[in-house]
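Chain IDs A, B, C and D follow the sequence of writing; residue 1 opens each chain.
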Amino acid sequence: MEAYREKKSITLELGSRMAEAAVKRAEQLGIKINVAIVDEGGHLVHFRRMDQAPILSIEIAQNKAYTAIAFGLPTHEWYPLISKEPALRDGIVHTPRLVIFGGGFPIKIVDEVIGGIGVSGGTAEEDIVCCLAALGLIP
Amino acid sequence: MEAYREKKSITLELGSRMAEAAVKRAEQLGIKINVAIVDEGGHLVHFRRMDQAPILSIEIAQNKAYTAIAFGLPTHEWYPLISKEPALRDGIVHTPRLVIFGGGFPIKIVDEVIGGIGVSGGTAEEDIVCCLAALGLIP
Amino acid sequence: MEAYREKKSITLELGSRMAEAAVKRAEQLGIKINVAIVDEGGHLVHFRRMDQAPILSIEIAQNKAYTAIAFGLPTHEWYPLISKEPALRDGIVHTPRLVIFGGGFPIKIVDEVIGGIGVSGGTAEEDIVCCLAALGLIP
Amino acid sequence: MEAYREKKSITLELGSRMAEAAVKRAEQLGIKINVAIVDEGGHLVHFRRMDQAPILSIEIAQNKAYTAIAFGLPTHEWYPLISKEPALRDGIVHTPRLVIFGGGFPIKIVDEVIGGIGVSGGTAEEDIVCCLAALGLIP
């Protein structure tokens, strides 16, 4: 019997460096963002809100990171998956904490999800750009 | 290091005068409204419900005021922003406390958000008219 | 930089065998229980409710398993820790999902928490006995 | 009429330095903590969880920081205030997000609350020690 399987879980060190990289990218874009990093179980590891970033985005950023690890997909890949299926499009969007627009990505080592990042505060496209800057730090 | 930044926060005095102005406008229109005033952090400062105003609108008025400060936008500007982006239109509307129809406005001094107002009870258009009457009091 | 740390996470195979062992022990005791197994992140892996086991215990069993992994302690060790500290005894008990009575145990390989088990339906003592029967299966 | 009052709000820069100082102190104590920094309105500014810090403490740390700003008192001052008043001791503890044990402090400039810090993961005494290390950074 296999009693357990091995997993990898993001460190605070990588998480905080990724969040800093996202913030630096946001500064270049001239936007104010919230950044959340969660571990592979969806639990918050690190969060930072730029001064004057929108308050409503505090929770959206965390939910994007959670959604990303919960299915292993970037959040912007959700809508193409559900838009042709009305029952999903109108139904699954009510799932608590599910975010179906861009700005959340799984953090992977090779093919294994070790955590997630969520950015909220700019447009979905800007939030994605900030995530990509952070994802570039994965060794 | 910058340890803090200066903010402005609406007083109860201005908030209550604004709410009274919104109620007076509602009386002229022959409608019954709820009016909520929040500070720049989204916390309730003042609330008044006209006799016989709809109960469901108690929470909607507060959420409109909250949404207004949370992004610094009037709530009626949300739908034009998201209607062309299906993933936002079908997704972001599920954010707790987000209201995407008219009747919520940030209260600004110059360009700084010092609070928010939310009106609910009439049509979106009537609620907006009541908000505008209140916003006219900002010095 | 350490990008990640290695973790172990319980398999469904071990989890379901443990739950079966708890149920078998409950049958011997003549009680009806709910058994929950969670992974090391607190997410449900396996659940089984014996016919006619109390409905209220469905959630209690899951919360016991969650509490066990959330601090790495059996739930019956909480009360001795807090009973001498009035502020904790009267305060921390209100933490959502925290259970401070017996029937929840971390599942450990050597010293590492790989999951948790929660049993609810009997007395705290009976629930503990059922957990112990399950814990005996850890290789 | 006074339309607004001036407030001070903690920056991400001070908040993140304070959180780092709390973590450094925790490392010296050999404990694993969660640290949350909120602004003067109780909204999350910064969060960091040390690797392997207890999951249940993620929310407790944030609630300690929230409680600290919500009344302007360190959380460990609550129990002495309510312990002699049974109706408060048994009643007010049910208030959502209120934490009545040590580990949360308002962050003040002169006498003004500009934010709050919450630490959770050690004993209440250890959590307080980590907060104090962070509070030493206030200019």
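Quick note on the criterion: contacts are C-beta pairs under 8 Å (C-beta built on N, C-alpha and C of every residue); 3 or more make two chains touch, one makes a residue touch a chain.
A quick note: this is a predicted structure, and the numbers were derived from the prediction, not measured.
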Q: In contact with chain A and with chain C at once: which chains are those? Just list them.
A: D
Q | Mutual neighbours - chains that touch chain A and chain D alike | A | B, C
Q: For the Cα fit of chain A against chain B, please give the angle of the superposing rotation, nearest 5 degrees.
A: 90
Q: Could you label the chain C-chain D interface same or different, taking same to mean over half of its residue numbers are used by both chains?
A: different
Q | Separation of mean Cα positions, chain D and chain C [Å, integer] | A | 30
**Q.** Distance between chain centroids, defined by C-alpha means - chain B, chain D (Å)
**A.** 30
(Q) Could you work out how far the Cα centre of chain B sits from that of chain C, in whole Å? (A) 46
Q: Give me the residues of chain C that touch two or more other chains.
A: 5, 41-42
(Q) Going by the touch rule stated at the top, which chains touch which? (A) A-B, A-C, A-D, B-D, C-D
Q | Parts of chain D lying in touch with chain C, wherever the complex brings them together | A | 51-52, 54-56, 59-60, 76, 78-79, 83, 89-90, 93-94, 99-102, 124
Q.
Could you list, by residue number, the parts of chain A that touch chain C in their complex?
A. 1-11, 13-14, 17, 39-43, 109, 114, 138-139
Q: Would you tell me which residues of chain B are touching chain A in their complex?
A: 5, 41-42, 67, 69-72, 85-88, 90-92, 94-98
(Q) If we count contacts the way the header does, which residues on chain A are in touch with chain D in the complex? (A) 9, 11-12, 16, 41, 43-51, 55, 58
